[in-house]
């Protein structure tokens, strides 16, 4: 009998041993030291275009070879589940030491003490080089909580020069009414005149610029003590989206998310709102060469044609260091090495983007402008001169506010009653203000 | 919902609960337990503890502890960076008064309404049909209807998104034959939820059919023969023989399908992300989405909403299983 | 009693209808995998491709990440199935055949998890596996779900129905419980183990949310992660996506076909006295 017990216990132990062995395979957590005594920095990079992964990978390898103190472990995390993974990791105390962070998340993360002030960790000179219009995105009460890598306007008007010409339109639209008229003229032969975001999660961020041009501000403004979603100016915004959708001037199905400019690339639409990054996407796809030849860009029209009004926010990415990281010095050293030192490193990066993203540092902008590729690029001037200077920072209030407003926009878009939808947004935002205690915390 | 391997194909294996006529009670009482007669004199404490130990330890670590920990955490506004603030039951109140939470419960209920009756009726008809088929054909049909059960929700979602495409999708081509469409199924708030229900039905009706069929095979053929001699037609035979004798199986399937439906999550996650205009925002997807924001508020809200949903669903299902069982005991 | 010709035709027609409507989504997935880039979403609509090309399937099969995901998932699913069979069947035997102090309590302890939805413990389970150092290992996919209330319940139902006489005889002969389990119950368990094992295999193979939270090492990526990520990143390459989905679903479908006899009867198992 005892033999039997032993045998089964052995099975059990074997199973447990398998577990332990498996668990021992690839330990991966921050704050550890590698076998050769280097301190280990875990770096989560949100997955973007392939060339970005290539660049990060090459840079990390080079950094690891360049010194003996710090070993960076690069982890590429898919974008669709980034938020949930990060939250889970934070809950377990296993947040990455360094991570890619969008400008909009800097303030909420700082408010919760999640990210470290870099001013004590990096050389002072590094911060002086950040462009004047971008520095406020990462600076809170004198502290700098993320080091910017790039900026990219999130709303740019892409249009097909050939189709516009064929329809007798000689210049891209400059007001919303013109845009609607052009879209009507261009919607034919199975091609839609326009494409723009149509789902709440996409509208949440891609409509910020349009919220600015419609009402001069966002639905949560000032010191965040009250909601302004019922500002009548937003009814024009809702009407604009509603007209595009209900008159079938744009695709009726969100086959691709807003960040993916495939509708335009596939030639299914004549004009499209896309982020500047779509330049990289379209030019890189050999199947879309025909479209690429005829692609042109312009600032997205403002509501009344004033070209100095913002119609886009400046999205973009920074690297942040976790507040709980045990290797903050090593982390900051890596960030400094990667983003704040050698301009050539970044010039390579921006050249690889096909000039679809733009530097956040003065010296890099200058170095980039001096390259022959930049001089040849047809779109660089439009974006850096017509769009970036007027673009706004992303709002730093909780996403709940943006999604509440966007859900109402989507309802209106799909034929809902506009004032009713805006009232819903108003109530939802008031609720967020109350429960998340926002009143008085805004104001920048 | 396949959250983790934990929630194994519930419907499939749980069939036994309904189909097991002998052991009605969930907790085996010595009186009923067949082995009980033997063991009244001998208690095998040590052996038994060793045997259940792996299971007890695993469930303790990976289910019970996380559950208790969730309850504990739900009384705080959780920050993983600063000291969490004890708020008592505040978040329970927040969830209960949140219109979006109730909206998602409504969507879940609507999804159940779209899927469960169809699954039950189709499965019943198909099972009735298979019962009349020859052995070979019945074998083929049983295997065929079972196949969708093994396909993952991820793959099903991807395929149905492709089939629903407004431009060049299979479904629009098919309904074109009867002069309808084309529709943008997943972008129209009025039809997105029904459109998501179709893969939901497709995934679940096969196993439901097999379970019903098993129940039907247990009904003695002689009942039907007698009824046929009396001149009863199919509807009468179904109404007076099949349904009453399968009452427990049907009830059981109804409950499990309802609970599974209320928890539907992966189909809308991949097919629509809850849109358009939240028309497919099922409760679990709503909860999962709340994880997104970096604020402590979002974390606590999400956790509390999940616990509340668990109370409701878990409570309801345990209650109903109890009802089924006691009812059965009276019958016996 | 011979059925009339008309009745037989109706039977086959109905059977054909059931088969076609069940198989349509899978068939469509398979066929679309054979379509080229320009054909896969062509207007006007065409059911079959003009030219059947193997290229999509070949491309997917040459993607090291895909092969790796298939292999890792397969290995994980086997280990998971094995471990859960061991854990659940031993506990099932104890609950079915032994009497011991606190049985009722432990029964409730082991069976209640059936009613606890994964979502309610998602975050805290993550914290637990993280503290155990299991993140980013196959162990995190295998161990936490291995003990399954429902599987144990199913096996127990089967053991409850095993005739008493043999066990009694063995006990009188002085055999211990382990020996009885090993030499009397296990050999009879083939059928129920196949049913429960297939269930475990499927649960592992098809899992999505738990792996995306706990696994980020590309070398350990699970197959459903691969498909979902492929979809969100290369959403317009439908031919490739359909080919990949077909290949990812294939192992589970083969599993059913191989074990169809057991599975189809397995659903009856509990019903038979």
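Think of it as A, B and C in the order they're written, each chain with its own count starting at 1.
Here is the rule we use: a contact is a pair of C-beta atoms (placed from the backbone, for glycine too) under 8 Å apart; a residue touches a chain by one contact, two chains touch by 3 or more.
What you see is a predicted model, and the numbers here were worked out from it, not measured in a lab.
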Exercise. Should the pattern of chain-chain touching be classed as line, ring, star, complete or other?
Worked result: complete
For this session: Could you compare the number of C-beta pairs in contact for B-C with that for A-C and name the larger?
Result: B-C
Exercise. So how far apart, in whole Å, are chain A and chain C when each is placed at the average of its C-alpha atoms?
Worked result: 38
Problem set entry | Gap in Å, rounded to a whole number, between the CA centres of chain C and chain B | 16
Exercise. Do you know which chain B residues sit against two or more other chains?
Worked result: 54, 165, 167, 288, 291, 299
Exercise. Among the residues of chain C, which are close enough to touch at least two other chains?
Worked result: 43, 86-87, 90, 123, 127, 132, 142-143, 176, 178, 228
For this session: Name the residues of chain A that each touch 2 or more other chains.
Result: 5, 12, 84, 87-88, 91, 93, 255
Exercise. Can you name the residues of chain B that touch chain C in the complex?
Worked result: 1-10, 12-17, 19-23, 26-28, 30, 33-40, 42-45, 47-49, 51-52, 54-56, 58-67, 69-70, 73, 126, 129, 132-133, 137, 139-148, 150-156, 158-160, 162-163, 165, 167-170, 172-173, 176, 199, 202, 206-207, 210-211, 213-215, 217-218, 263, 265-266, 270, 284, 287-288, 291, 299, 302-303, 306-307, 309-310, 313-314, 317-318
Exercise. Can you list the residues on chain B that touch chain A in the complex?
Worked result: 50, 54, 78-82, 94, 98, 100, 165-167, 184, 186-189, 273, 275-278, 288, 291-299
Exercise. Residues of chain C touching chain B in their complex?
Worked result: 11-12, 14-15, 18-19, 22-26, 28-29, 32, 40-43, 45, 47, 80, 84, 86-88, 90-91, 93-101, 103-104, 106-111, 113-125, 127-129, 132, 141-154, 157, 160-161, 164, 167-168, 171, 176-178, 181, 195-196, 199-200, 202-210, 224, 227-228, 231, 238, 241-242, 245, 248-249, 252-253, 255-257, 260, 263-264, 267-271, 273
Problem set entry | chain C residues within the chain A interface of the complex | 37, 43, 79, 82-83, 86-87, 90, 123, 126-127, 130-140, 142-143, 175-176, 178-179, 182, 212-213, 216-220, 228-229, 232-233, 235-236
Problem set entry | Interfacial residue positions of chain A with respect to chain B in the complex | 5, 9, 12, 83-84, 86-88, 90-91, 93, 95, 105, 108-109, 112-114, 198-201, 251-255, 268, 323-324, 398-400, 407, 410-411, 414, 416, 428, 431, 435-436
